[in-house]
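Quick notes on the structure that follows.
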Amino acid sequence: MKTTILIHCPDQSGIISYVTGFIHKKGGNIIYIDQHVDKEAGVFFMRLESDFENNIPVVKNLKQQFEEELAIPYQMEWSLHLGSTKPRMALFVSKYNHCIYDLLSRFHSGELAVEIPFILSNHADLEYIATQFDIPFHHVPNSKQNKLNAESRQIALLEEYKIDFIVLARYMQIITPKIIELFPNKIINIHHSFLPAFAGAKPYHAAFQRGVKIIGATSHYVTEELDAGPIIEQDVTRVTHAHSIKDFITKGRDLEKIVLSRAVKLHIDRKTMVYNNKTVIFS
Amino acid sequence: MKTTILIHCPDQSGIISYVTGFIHKKGGNIIYIDQHVDKEAGVFFMRLESDFENNIPVVKNLKQQFEEELAIPYQMEWSLHLGSTKPRMALFVSKYNHCIYDLLSRFHSGELAVEIPFILSNHADLEYIATQFDIPFHHVPNSKQNKLNAESRQIALLEEYKIDFIVLARYMQIITPKIIELFPNKIINIHHSFLPAFAGAKPYHAAFQRGVKIIGATSHYVTEELDAGPIIEQDVTRVTHAHSIKDFITKGRDLEKIVLSRAVKLHIDRKTMVYNNKTVIFS
Amino acid sequence: MKTTILIHCPDQSGIISYVTGFIHKKGGNIIYIDQHVDKEAGVFFMRLESDFENNIPVVKNLKQQFEEELAIPYQMEWSLHLGSTKPRMALFVSKYNHCIYDLLSRFHSGELAVEIPFILSNHADLEYIATQFDIPFHHVPNSKQNKLNAESRQIALLEEYKIDFIVLARYMQIITPKIIELFPNKIINIHHSFLPAFAGAKPYHAAFQRGVKIIGATSHYVTEELDAGPIIEQDVTRVTHAHSIKDFITKGRDLEKIVLSRAVKLHIDRKTMVYNNKTVIFS
Amino acid sequence: MKTTILIHCPDQSGIISYVTGFIHKKGGNIIYIDQHVDKEAGVFFMRLESDFENNIPVVKNLKQQFEEELAIPYQMEWSLHLGSTKPRMALFVSKYNHCIYDLLSRFHSGELAVEIPFILSNHADLEYIATQFDIPFHHVPNSKQNKLNAESRQIALLEEYKIDFIVLARYMQIITPKIIELFPNKIINIHHSFLPAFAGAKPYHAAFQRGVKIIGATSHYVTEELDAGPIIEQDVTRVTHAHSIKDFITKGRDLEKIVLSRAVKLHIDRKTMVYNNKTVIFS
């Protein structure tokens, strides 16, 4: 059985050997190790893919042994993921269709090892796409008057469908602090600028106004501060004086969908870790 | 004789034909036309390379005729540059040698059609490079106490050597408003971030702190507001969590020198025009 | 009425002025000029967007005048396209859906000013996409035995629907010489390598075998020699030793669709000219 | 004491644990592990940075123990490098100065942890650069008549100076099979195309002729077959119809020097391994 273990802990001598020795002792074959030391913070990060011949009850046992033999003595925060368990992703959209189309066509072709129990939108415009891909669609309007009501319905759906993480595919609405707290580093947004430049509304207009020669897109985990969460992936494309704002938007669409899909894939494959509002990306 | 004409004026019907017809009538052969219309501002930009069989006195005549027949009726701001006249560039440096080395080796290999009458620095460290390339070097210290004195010496040198434009090759010092006024859109700086992100001091440290996945460099014309002038050229390179600030600085050096050299070459070839704090780049 | 004129002819002094003067004289306002001189071949290329206040009968007159006053004396090959006339594109596909999806979603969002009268495939697999976008689908099998029959049906369809150009969106079949002759420089293919490397079958396998660090995709006009026609657009992406052939294919899909869509847009906007098996791209 | 161990061996279960356990047992602290499995070939690759408190005699002991306890039982090919030992690099040049300048300025600024005991050239043109950087220069002409003589002098110099690897910085001469045999996967060349396209002479001319939209440069280990050795690093840049062959050469120079410097740095940092004419790059 394939497992992925993610660890971070204070950096200390011998830590790689302790972990690899433990896995070996428990009958696991290590397939791939990634590690990183943040020297400033003195923190060690590790991602470990292993193959165990054991069955699930044994793995549960393994969890307890890991906790006692490694996690407690070395002050680790850690998680273990079974390869057989696909994370469950909620897709929040509004009116733009390029990101949702790109994600769903990758999902459809088997590129993304994920479950998508539902799509939610504050408008009904994209319901037809949910229908095309045979995924339940929930229309949860989000006007000023019914914000609290919307939050309740969102939380109810997230709980009912046992959602692991949320993807905002140009959702264009603020996620409430309560939901952010329920899904820490588990809400992925796409912002249409190379952050931290042009945070906030209308970044293409601001980029045009400033006369930049390169525009970008940034996918990040959502935190309470707008567009300031840990960056997962960014990419850019060149523009010239001859491009209008409309051209920026068109070129930007191609960036947005690719950057968001890359970030979502990294998250699904459990290749992202977060510390001090920054990501470690084991790609 | 090869000439380059740069024009901007209110956009109006027929303007391309008026200009091309004028050149043809005066015995010029148009080699290359670039043009751009800023539709928001209603401004027309043109760059025109022509070959005249005439000699220099005739060209002077041409200037007057252009002024009367085109510039005044169509409210043009314009300039005419003889291909035989190389612009005169002053190079301001401090302690970093990568940008000056890159510029001078391109100059040495004939890539840049420019005169470099002198190199100026607030430190003596790089005098050896000026010596290597046989260019006069002026050490003008720039401490708090002697700022005014430094400005006077700088202006005296710029005037004495009949300088056309200034390149700040990681000069790291503020250029005084008086000099900026003397050289409007004629001072080229390299800033080590993808502006407008991380303007000001220590941009690599700020980029590291924010956890960006891409770093950049920006070459721009200097205006009174720090790092806010018209952008000439930008480029970027990918970074990961595994890169330290020192890595950012090393990777950034390669960006800085290439972006600055490209911007300088565009300026030398008179392929840049400025309007509303933005550039039109005819590349 | 907006028109685009494409010209190539022997290079000669004054040619830009002759053309721009003609347009002006006929009441046209030149919006945009692009030009290029191939100095080796001594050939001049021009693309000219103009706005005429006249109606269509006048434009027909214009064509005759252009022919007499410019094309004949200056030995021009030229064409005039009315902005109101969208080119008619046939889409040939096989079993892969990523390129057709990308093209049709851009078409759907108004990015491509084209008519798509039909989609043709040698398999029935992608008929559902034609249905989704409400475009007639023709299944024309292409096995060894019925190649001639297939060619006849293809030609009949191309004529019946008055097709201007053909896009091979991973069609994977050889286009017959007869059809290539009917559509010279009007059949656009996407090849999944940075040509001329890895022409022919299975380029990702060959790239993997060679151990390249960059893979690419190339869109080109189809000529009789396989994968050797004029290149319209290319792009690349980095790979490492850690990527499998399957990873190459997945990453390549993202390249293929973007490179093909860019090439198709350039063709639709009449920004491509072909000479000596090379393209001039006025982008 | 810092050490780097490079291993490749048949892939087998538990191999990571065996190695990491061994290091730990011998008092080493593992700083960084990279690994790769070539699934087709069934080969395991590993790069391991460790810190030992021990002194050099102990490390010699370590080598023997590693050989007995790991290398023999697991059929490893392996090497151990002390962090304190800089590899010794010979620089072969001809008349172009951009690559040598780039390498030496990085060397000078401390970016490359290498010794450069001498520079060799078949021409005397670049002796002044060797003088600038205070490195012995050997002029070894290489005309048809004295090829054997040249080879003897080259080998004598390589042995006298105890050279570990050779960098061909646009050397433009064929390296003899005898020298290739003496330095297997230890001669680094820069070829001015994105191999395998345009192998052999005059690649920029061939690229221009073919009308490509992207040009490249490739750094590879030299093998007997010309331009066919394992690729270490590649990069590309865009070109258009407007670029002449001379422009290709100028743009290419910037690529060549950066790609070669990256490859040399990877080799110096012992981050390259070679298998089946392909490289594993642990960057």
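Each chain gets a letter, A, B, C and D, in the order it is written, and its residues are counted from 1.
By our rule, a residue touches a chain if its C-beta (ideal position, glycine included) is under 8 Å from a C-beta of that chain, and two chains touch if they have at least 3 such contacts.
Because the structure is predicted, anything quoted here is derived from the model rather than measured.
When the interfaces B-D and A-D are ranked by how many C-beta pairs touch across them, A-D comes first.
When every chain is reduced to the mean of its CA atoms, the largest separation from chain B belongs to A. Taking the mean of the C-alpha atoms as each chain's centre, chain A and chain D sit 38 Å apart.
Centroids of chain B and chain D (each the mean of its C-alpha atoms) stand 38 Å apart. Within chain B, contacts with two or more other chains are made by no residue at all.
Those residues of chain C lying in contact with chain B across their complex are 13-14, 16-18, 20-21, 23-24, 29-33, 35, 37.
Touching chain A in their complex are the following residues of chain B: 36, 38-39, 194-198, 210-214, 216, 230-236, 240-242, 244, 277-281. The part of chain D that touches chain B in the complex is made up of residues 97-98, 101, 105, 109, 111, 132, 250, 254, 258.
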